[in-house]
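The structure under discussion appears below in the form of structure tokens.
Labels run A, B and C following the written order; every chain starts at residue 1.
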């Protein structure tokens, strides 16, 4: 067999383009469904693991899926907003801990997630560098966001304006990086976490500026009445929160009316969860309480239904490819007819021809197999990132 | 499928719960924002909690600003006891875990006293500040102090259910002492209803409300000589409010006391107990406050 | 060396019949076979090599009755005892010169590719004047070099009989003579028998004997 392999090796080496084309066909048709399988498994793992670890989510009425994509995976679409008071209501029930989330703004294309420190404990997020959020204007980066933005504790990151034509003047806020989280292979890796209050400052609900009521500069004052001072646009608002100006930051209106996108509710036990769900069903029409595992489970079922169709397509394409490959071998046999006749004449046994062809097929299949395994190992290695790239971003 | 969903949700719940509840044997790490809360928590928890109040002894906990490292210490605590009513301004700019925060005055948050005015003043090197918004020395109404102590006890019990009896017994003892002070103060208020009094600082709103004191405030610092404008302001107030006593947070400067005496005003100290006293404990300070206040009778 | 008795061969469809009542070639003899196309020269070579088997009669080579051997043994006999030289050289373009020479050793178990075989291949190539081209792909060789390679391949297993089918047909006159010289030289050195089908009448004089198939079907004219 080694002689046959040697001859086959020389043959496929001589016909390298034909060989490479064959290998590419075989590799593709093998790798495609397997890659799809690996990616879907990873998607399922990531999405379901995150959904399963998030007992209940409260958000505005509307698409439960949009709410999940925003709350669990920090997707780009902002669901309808609810009030901070909804989070406090959940605390007050005594049935669950509540973790408010405000996922709306972005910093250089990475989602800014306004939340409380409880989120870090809840997700078990550890620090690779730096420390947790401590004061307004700080942010903590997910591992991947920090890597891609090349940021470390002590650096700063500017929030992106909501949109270019935002005339209401949502100033970009320069945030200082307090810490970088350990990698978790979840949406948290790509997030920029800030305190809820910092998110509200980005929105313009809170801001810091010199005291117009007391400072001598009258050029910024439009109108002064007994109990109110109206400043004009030349009043400089701070775009960075520092030790020196942090005290000037303040919020207008009641914080409980401030917007959040969702609340993650952590019921104290299964009974509390049931009661909490019951209360929401009864009393709150505009809000919804959702079990993420159910929503994402349904989504995954749909994805797997689509996958079945894809599998069928791949089977058909695979069959066509196998036929094409068989044709290629048959044609190759025909091209080698003269060679086969010669070696028959020389006196080789019938089986030798079969050996030679088998060796050629084995070598091509083996090389394709190695290529497949290589590609699949790479896909598997980057599957977590790939899935995040496809589904989260 | 449904069964497995339920199972997974239950697993997630129990994991979440485990992360909330710690081991029962370790003493709880409790951080507070003023001495009053430190005293209450220490009394109730005894050796079952380490109650930390990191503000320096000479600082005003309302306007004190902790370092980032200290904020991190707060974050790591098992429990963070807040006074509520806007007490400890640094909380507005700090990030703390909501699950560990306890607003001890939440039970009576509907009875917070709103204060207006744009008066600002200065405390030496720490810069100017203003007393606008909500009156925050809530515990000087000793009924409110009892509610705050109860809120602390309730939270400690929720963290260490096994120590419920111990905590409730300690709370009971504390409540009795607070009630005793409350009734003494009620007595004082009843004996001299409507008697005009001055306060050197606007921190006695709840004391005045609960015990029926007719109190007006200036904004003087015990260790700083009042300016001429401040003297003039006082004289102006005295026209309509003929007070004979001024209540100070701590012993005033001799010169100020003498000049007040010339106006016929005597000084007495009612230490709000926001920070750790030179000697004795919170209850000693309050008992001394009551004795001092009896001088007006 | 070759002994054919009462041979009667018909192709399956019966379009051609070859009858050889008696035909002998002695050891170390160099015999040329001539005749017009379709006269049965190649068929004769195939019958001698055992590639085809006659219906009647026997073909003996080196005292082995080839026509009675089983297919398996016939093939083994052919690859070990008979060397082939073809008009179109029948070299494999995906192998270099050396691998082409060694090729028979790689397609049968009847021959063992040992170190001494490789040495012999080098010596043969040296004799044939292609020693410096052993690692070259055959596509880069001239026609003459290709035929020298084919001769080396035929001679390497040290066969007792060389069958050459128009071995010089694709060569220019200079090369023809030179290749024939080399072939004769090697056949002599190996004490082999040579049976060559050829159309080159000017070369016939160099053979020991010429067998003419002209105008003859079913018999042999010498």
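In this text, contacts are C-beta pairs under 8 Å (C-beta built on N, C-alpha and C of every residue); 3 or more make two chains touch, one makes a residue touch a chain.
Because the structure is predicted, anything quoted here is derived from the model rather than measured.
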item: Overall pattern in which the protein chains touch one another (line/ring/star/complete/other); value: line
item: Label of the chain whose CA centroid is most distant from the centroid of chain B; value: C
item: Between chain C and chain A, distance of the C-alpha-averaged centres to the nearest whole Å; value: 73
item: Averaged-CA centre spacing for the pair chain C and chain B, given as whole angstrom; value: 116
item: Centre distance in Å when chain A and chain B are each reduced to the mean of their C-alpha atoms; value: 46
item: Touching residues on chain B, where the partner in the complex is chain A; value: 1, 5, 8-13, 15-17, 19-20, 68, 71-72, 75, 89, 92-99, 118, 120
item: Touching residues on chain A, where the partner in the complex is chain B; value: 52-55, 91, 97-100, 116-118, 121-122, 124, 131-136, 138, 195, 197, 213-214, 241, 246-247, 249-250, 266-270, 273, 291, 293-294, 297
item: In the complex with chain A, residue positions of chain C that touch it; value: 49, 51, 72, 75-80, 82, 84, 86, 90, 92-95, 99, 103-110, 113
item: Chain C partner contacts - residues on chain A that touch it in the complex; value: 3-4, 6-7, 10-11, 13-15, 338-339, 342-349, 352, 356
